[in-house]
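Across the two complexes that follow, chain A remains constant while its partner is chain B and subsequently chain C.
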Partner chain A sequence: MARRYDSRTTIFSPEGRLYQVEYAMEAISHAGTVIGILSKDGIVLAAERQATSNLLEQSIGSEKIYEMNDNVVAGVAGLTADANILINQSRIIAQRYLQKYDSPIPVEQLVRRLCDMKQGYTQFGGLRPFGVSFLCAGWDSAFGFQLYQSDPAGNYSSWKAACIGENFSNAQSILKQEYKDDDSEGSSSTAGTQMTMDDALKLTCLVLSKTIDTAKLTSEKLEFATITLKNNKPHIHIYTSDEIDQVLTKYDSVIKPSNND
Partner chain B sequence: MDSITLRLPHTVERPAEATNYEPTTRISQPTVTGTSVVAFKYKDGIMMATDCLASYGSMARFRDETRMTAVGKTTLLGMSGDTADFQHMKHTLNNLLTQEYDMDDGQNLGTRSIYKYISNIMYGRRTKIDPLWNSYVIGGIDNGEKVLGFVDYYGTTYQSPTIATGFGAHLAQPILRKYVEGHEDEITEEDAIRILDDCMRVLYYRDCRTFNKLRRAKVTAAGVEISEPYALETNWNIAEYVRGYGPF
Partner chain C sequence: MDALFAIAGRDFVISVSDTSNARSIVRMKKNYDKTYKLSSHTLMSACGESGDIANFSEYIQGNVRLYSVRNSQDLSPSETANFIRNELASSLRSRNPYNVNMLVAGVDRNTGESSLYRIDYLAAMSKVPFAAHGYCAHFVYSVMDHEYKEDITLEQGFAIVKKCLTVLKERFIVDFPGFTIKVISSSGIREYSTNDI
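Now for the complex of A and B:
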């Protein structure tokens, strides 16, 4: 029955659904997982690479994690080709803002512009939506560290911890359990969380180990990035394979199928 | 806020026509003008002064003009040059601030952003050979740091602890450089007022397009404040000794 309303994105189904948008999200749920965790000192982004092969030259280029600006780094899940278009657009948006206002673009504004673009493809043009979800991790002087998730519909929201891609619901429930939320009232405008970077990295490894299918977590299958503050300026660090190995070794205890479950 | 141009298929939207750039067929000249702006950094922020005159050529036409304006809560803009172009700039900046207000996202445009925005407009206009005939001084406090910059109708920009436009660049700047440069963080408000008044006094003596009624403005962490007009004490005694002065 739904088939009649599939062919164009601009059409609602009788139940009030946009099937093309939903199908896009379905495509994303088969893509490599991306996890983002907010701590009071920064944000961790980790992603599972799906295209792995001995022949792949992994050290050059990214598949999942991209810098959008000096103060924003994003992880993508979904159709890589679609993601590349959106990443290029967001980089142009960020640079235009810098050229106009001599100031790094506020994170939410970058996410909003990107989402407005994605929304456009669900309303007019008769083109299919972008089959990409983003986890944007950024810092600006007004709100500090922020983590945004956006989907093909053009929705976005701010999270303390989020997950997109394969097994995301599984990961989301683990995050919900394990994330140390801030109970106190007097939090400043920046993220009200008690998590430290160390906690965030540890939790990332834990969630990765539980949601990724492979027997063993290796740096070959993963991409890692953090955004922190250095000299009061945002600093993005995309980890090398060796650095990922170090992280995995450091938090080995949470990764190993535990004997003390 | 510039929109992303979605290149939709031709069935949906016709392609934009190529813009024609024709040669300018009008001259640009200022009509009602303001003279110097003097500004410098001091301990609490920025201090700026302009007189209250807008001249119509050599006529002292409008004698209650304010050639400074607050832009948002943290930035002060002073102008010399054409008044109409200044009013246009004020309207443009107001529209920008309204857009930012509408976005309602808790973000504010700092002094550096306003400075860049104005600079881009000025350079863009000069490139079209249709300048806004002004020199602007933009001052404010951005993220705790004092910012003081200059833009003129060429789009030339520079930042400095002391800035003066017009005649001020010749007569007031040496005074500012002597008393301010190097001591920006030590000058108190009283001292700053004294330095400013000395500069404005010299300008009143020597610039023919001034008037002894001026305003002072300051930007501090508390915000932008533009004073009421006041006059300077002057001494014209030596005028008698100038040959050719008076009827004798």
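Now for the complex of A and C:
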């Protein structure tokens, strides 16, 4: 029955579903995991590379994590080729804003513009949707550190911790358990969280070890990035393989026990 | 013939503009407001070609308001000034450029710092502690250059404005019917009369 309404993206099924969009999301659930965790002092993004081989020159170029702007870094899950188009577009959007207002684009606006673009492909033009989900981690002076997740439908939402890609539901439930939330009310403009960067890195390693299939976590399989504040300005750090190894060694205690499961 | 000038302290800006709307030897209105409120904490005063002023200013007002509504946050004064300059620069190389000079004054809601930008009809913009447009500039800059110090208080600012108004009355050939004096501070935009200061 569903087969009849599959082929065109721009039509609803009788049950009111957009099958192409759902199929796009299905594609993403087979892609490499990306985890994002918000802390008081910054955001951690970690991703699993799916294409690994001895012959791959991995020190050049990213597969999963990209800088969008001085204040936004994004992790990508899904079709890499589709992602490249969207990343290019969002970089242009960010620079146009900078040229117009001489000020970095607020994170939510960048995410929204990107999502508006994705939504267009689900409504008109007869082209298939982008098979990409993003985890955008950024900082702006209005709302501080923010983490946004966006899907092929063009929906986006703000999270304290999120996961996309393979095993994302597994990871999401671990995050829900382990994330240290803020007990008190108030402070509407900055994230209400008690997590420190250290906590966030530790939790990231824990979740990675539980959701990634391989026996041992190595820097070959991972991409890592953090965004923090330095001199009151956002600072994006995309880790080198050595730095990733250092992080993995530091939180080895968290990783090791889970391998015995 | 329009007189526009402004002076900024650390957390406020005083904007002064004359209230005469005239063409050649005829004055059409003597209580004309040359300022445009762009947001709760940003004010723009404009002079130049009458029709262009209204058209351009209302266009800017609309766009600044649209941004606020779309994004649930206001543009800061520096973002506003840059936006205005960009629009003016685009119009510059069109068939009929806007002929508008303006002063954009505001206080940043997050940091509380004041800023004043002088933008002229060729879309040249500078961030300055005090500025003026029109013939009055020839008189008023002398006073402000002499009197201005960093971090003046509101009272000191008013004293300087008074001196400027005095020199204009003394030495400028045109007699102004009145002035609009507005102060932008962290609590918003407030108007004063020439008697209040």
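Throughout what follows, the second predicted complex is superposed on the first by the 255 of 261 C-alpha atoms of A that agree within 3 Å, B and C clash if a C-alpha of one lies under 4 Å from a C-alpha of the other, contacts with A are read in each partner's own complex, and residues count from 1 in each chain.
Rule of thumb we're sticking to: a contact is a pair of C-beta atoms (placed from the backbone, for glycine too) under 8 Å apart; a residue touches a chain by one contact, two chains touch by 3 or more.
Just so we're clear, the structure is a prediction, and the values are computed from it rather than from any experiment.
**Student:** Answer with clash or fit: chain B and chain C placed together on chain A by superposition.
**Tutor:** Taken together on chain A, chain C would clash with chain B, as the superposition shows.
**Student:** Is A:141 touching anything from chain B or chain C once the two structures are fitted on A? First, second, both or neither.
**Tutor:** Both partners, chain B and chain C.
**Student:** Does chain B (first) or chain C (second) touch A:100, or do both, or does neither?
**Tutor:** Both partners, chain B and chain C.
**Student:** Is A:113 contacted by the first partner chain B, the second partner chain C, both or neither?
**Tutor:** After superposition on chain A, A:113 lies in contact with chain B alone.
**Student:** For the overlaid complexes, name the partner, chain B or chain C, with more touching residues on chain A.
**Tutor:** Comparing chain B with chain C, the partner touching more chain A residues is B.
**Student:** Touching chain B in one complex and chain C in the other: list those residues of chain A.
**Tutor:** 99-103, 106, 108-109, 141-142
**Student:** Across the complex, what residues on chain C touch chain A?
**Tutor:** 71, 73, 75-76, 78-79, 82-83, 86, 110
**Student:** In their complex, what parts of chain A are in touch with chain B?
**Tutor:** 89, 93, 96, 99-103, 106, 108-109, 113, 116-117, 120-121, 124-127, 140-143
**Student:** Would you mind writing out the residues of chain B in touch with chain A in their complex?
**Tutor:** Residues in contact with chain A: 2, 4, 6, 8-9, 11-12, 103, 105-110, 112-113, 115-117, 120, 143.
**Student:** Can you name the residues of chain A that touch chain C in the complex?
**Tutor:** 99-103, 106, 108-109, 141-142
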